[in-house]
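Read through the structures below before going on.
Shared between the two complexes below is chain A, which has chain B as its partner in the first and chain C in the second.
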Partner chain A sequence: MKRVIKAIAWCVVVVIILALSLKVERLDERTTAEFDPTEQVEHFWNDALPALLIGDRVVGVELFCQALKNNRQLLIDRYGLTLGIGAPYSLLVGGAFTVTEVGEELTTLRTEAGATFLMRTAYIFGNTVREATGAFSIDDYENTMDFNRIASELNDRVVERIVAPAEEFLQAGNRLRVVGAIDLTPKGPADEAFELIPLSIQPCE
Partner chain B sequence: MLRPLIALVVMSVALAFASESFATADNLFNVMRQVSVNLCISVGMTLVILTGGIDLSVGSILALSGAVAAGLIKSGISVEGANLHIGFTFFGVVVVALLIGGALGWFNGQMVTRFKVPPFIATLGMLTIARGLTMLYTNGHPITGLGESFEYLGTGWFCGVPMPVIVAALVVVLFALFMRKSPWGRYIYAIGGNERATRLSGIDVKRVKCFVYTVAGVLSAVAALIVTARLDSAQPNAGTGYELDSIAAVVIGGTSLNGGKGSVWGTVVGALIIGVLNNGLVLLNVSPFWQQVIKGLVILLAVVMDRMNAKEQQ
Partner chain C sequence: MFRRLFLWLMFVATLLFSVGCTERPKTTDKKRMAVVISTLNNPWFVLLAESAKARAEELGYEAVIFDSQNNSSKETEHFDNIIAAGYGAILFNPTDADGSVVNVKRAKEADIPVFCMDREINARDVATCQILSDNYSGCVAIGKEFVRTVGREGNYAELLGLVGDNNTWNRSRGFHTVVDCFPGLKMVAQQSADFDRNTAMMVMESILQAHGDLVGVFCGNDAMAMGAYQAILAAGKADEIKIFGFDGERDVLNAIREGKIVATGMQSPVLMARTAAEFAHRYLTGDHNFPKKIPIAVQAVTRANVDQYNE
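So, the complex of A and B:
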């Protein structure tokens, strides 16, 4: 009798633990989309990016250069986005530039105030674009490889859809309106030549 | 335990003078958070070493328990044949992680007691097996984004104290009481002191030893939950080298490598010494390469002192 009571008690404990531990649902009712970085990025590229590039997340290049001299941290606090808990911070910078030199991988741009930016036009790697857009959160991905595939897809699109169609404008002396992503660290020289990954290149009218 | 305690106090006072960042509330909480992981593992290691054994698999068990917990809370299990998806709650993954840790520890115990494999070899085998299983389960990729409720365990605060510190404190108090007040605690000391005499006095030595390795596995899983929650991700190479840090904490805390002598409180002091030493060396800008050398020397010094003590007592 004692053994039976003991067995029943154990069963009750196990059932309670299982009830508190598991959430069972029908597999066909579960909306699990297969991870498809191309589709996700395509969706973002068509639906969210255009609005992002004309929104208040983009810091004007003149303001950016001024803030670098006066209060770099304020710039980071207001516009900077980061994956982890520290540097580098990524942000979107936009404005009018003059092309001063065209290279195979980097095109040199100069602002009216004389600041120099290096626009990357080939071999784009890293997470700068993904972080600067602020549209992708690591919490939404199964693992960091998937998350990195998003960054890679974005970088590929920059080369194919931003740089390639704008090649005809990339000539020394041309005036361009460019919005792009850059990485910024809390410390650095005010006259730093930042590398900018373009997300929009338009000729100035 | 007095000598390590004096060493800890001297070291802390010296560091407070050497670096103004050391004796700040932020830094001390940071040290405690870092120590809490090693402390959970070290308490289990104390029990194992008290029986005269050793467990080299704690770091790999940590990695596997953490990875499975992260995988289950993130994706659950889909049973396509039965058209079912089984999701896991926070409580559920805690239970599963502890069961995995316990099962691997129990396996170690069986190897040591039933098949008479030396603890060093048995747990070395488990070190490789658990690491391999972790790589298989994760495909070598970290599992990230585990949700806020899980993250709270690693980064949250309760009554002004970080959660990892609360968990480690509970583990310490529970096992300090267990070792002092329960008959099994005395059996563990007895086995380390003289295994044959303990067996002849009617105590089931195999059972106690198996229990001790199981506890070490469970506490590795507890540490796994803290690490995984703190990083909000399960890393396939998590816990690498943790076995050495925990053995160091146990030995520095005065537990004899021959077994039979030592205490959980001594291990607390040992883990704090290791934690304060790590933190102090970083604050003093000591090169990471020198940090390893210094840590190694401290461990050697502790073992030499243990040997000299044993000789004096003989």
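So, the complex of A and C:
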């Protein structure tokens, strides 16, 4: 009887010590696969982007130019999105333009009021598109590398799916309706020639 | 028999009590902050540490700096001591994006908030907030400057930082996002120099022996850029090989003025450190609402704009 009690006591001790000492986690929860942004970006591109480009997040280009002269900060407060501290504000700008010059990387566009924009058609880098859409939050990603892959994937899509199909329209004198992403800083000259990354290029009717 | 049973139960109770004693202290000292830094063998991290400590002291806290010496086990020892001593908050610069997660988890379990500075850990809901340089965007800007300077053709080398640090790869990816678009630019060597000046000098010397025709070298931090410069100068190629760094250290800013180094990414260690200390203060005074990550913008510094960065 004594031996039985002794054995039970030892078992209890061992079990309790083991239970308090060990933490068991599933191996598949510890293993993190390489993040693939394709699916997320594809979902956004097909399901969210079309509505975004005709929604009230897009500031008309004439209003944009007017606000730059009158109240740049209001423009930033109303439409600008930024990542963290010190980065430029990104926003969506759209309207009718005339193509004035076609270059290897940049196509020059002019508004009816005479403002000039440089539309980037190659070598698209950085976070401008990702931030301007407002569709992706850094807090949703395990690490910033994954978040940066989203930006890179979006930039690649702009070249493949927006610029490449529109190349036939990119000729001096053509009128285009363009919606694109722009970076804006709180300080800068009112006649700044902004670089615009296109998210939609359509010929004007 | 009952006496022996009683003794056994006492034994079990003693064991349970001793296991319980290894757990965290029940109270933390809200007037003390720990500043845990990956290494103090680099002036950039010294500035980060001292700025965090100074801001914490301005806010009325006693602050102590712990040097992990780029060693995860040393970092774990520091966390053991900090948790046992019951510090109120930890301002933390991790040694390893994966390896440091467990330390932050333990601090969280002990109800000690952790605010990561500059370096990231690979976990979303463990640190109270991570205040990080936007290394990727900064190195996109450096990559553009690289192509502008060396052109679209030629062989180049890359010196990586610590391979376990996300900053290393965010910088490398940002740079390659740009440079890889130009097939004429060929990376003939990519080696780690651990963010260390002396290691970078030795690594660069061996790269130069195999590849004497480099047009440029991209270094993941300024300490490595200075080490690479020493090796390139000794090889008599300082005019041919263009050097690019990242951090915005004073000696590199001077080197940019003198034309020895082409560009660097200006990080803001003081801003990151002060923000971390202020967030910790907010936390300890009752505000527990923080974004999980806050990137801080990085500016490219070249000879054209280096004079904006006198202080």
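Note that in this section the second predicted complex is superposed on the first by the 167 of 205 C-alpha atoms of A that agree within 3 Å, B and C clash if a C-alpha of one lies under 4 Å from a C-alpha of the other, contacts with A are read in each partner's own complex, and residues count from 1 in each chain.
Throughout what follows, a contact is a pair of C-beta atoms (placed from the backbone, for glycine too) under 8 Å apart; a residue touches a chain by one contact, two chains touch by 3 or more.
As the structure is a computational prediction, the values presented were derived from the model and not from experiment.
Student: Now for A:17: first (chain B), second (chain C), both, or neither, which partner does it touch?
Tutor: Both partners.
Student: Looking only at chain A, is it chain B or chain C that touches more of its residues?
Tutor: C
Student: Taking the superposition as given, does A:145 touch the first partner, chain B, the second, chain C, both, or neither?
Tutor: Both: A:145 reaches chain B and chain C.
Student: Thinking of the overlay built on chain A, is A:9 touched by chain B (first), by chain C (second), by both, or by neither?
Tutor: Second partner only, chain C.
Student: Per the contact definition in the header, classify A:170: touching chain B only (first), chain C only (second), both, or neither.
Tutor: Neither: A:170 stays clear of chain B and chain C.
Student: Just to be sure I read the superposition right, which of the two partners does A:63 touch: chain B = first, chain C = second, or both, or neither?
Tutor: Neither chain B nor chain C is touched by A:63.
Student: Counting only touches as set out at the top, which of chain B and chain C does A:96 meet: first, second, both, neither?
Tutor: In the superposed model, A:96 contacts neither chain B nor chain C.
Student: Give me the intersection of chain A's contacts with chain B and its contacts with chain C, in residue numbers.
Tutor: Touching chain B in the first complex and chain C in the second, residues 17, 20-21, 138-139, 141-145 of chain A appear in both lists.
Student: Chain A touches which residues of chain B in the complex?
Tutor: The contact residues of chain B facing chain A are 74-76, 78-80, 83-89, 91-93, 95-96, 138, 141-145, 147, 232-233.
Student: Touching chain A in the complex: which residues of chain C?
Tutor: On the chain C side, the touching residues are 1, 4-5, 8-9, 11-12, 15-16, 19, 97, 120, 122-124, 132, 134-137, 140, 143-144, 166, 169-170, 173-174, 177-178, 181, 268, 271, 275, 291-297.
Student: In the complex formed with chain C, which residues of chain A make contact?
Tutor: Residues 1-2, 5-6, 9, 12-13, 16-17, 20-21, 32, 83-88, 123, 125-127, 138-139, 141-145, 148, 151-152 of chain A touch chain C in their complex.
Student: For the complex, which residues does chain A have touching chain B?
Tutor: Residues in contact with chain B: 17, 20-28, 30, 137-145, 147.
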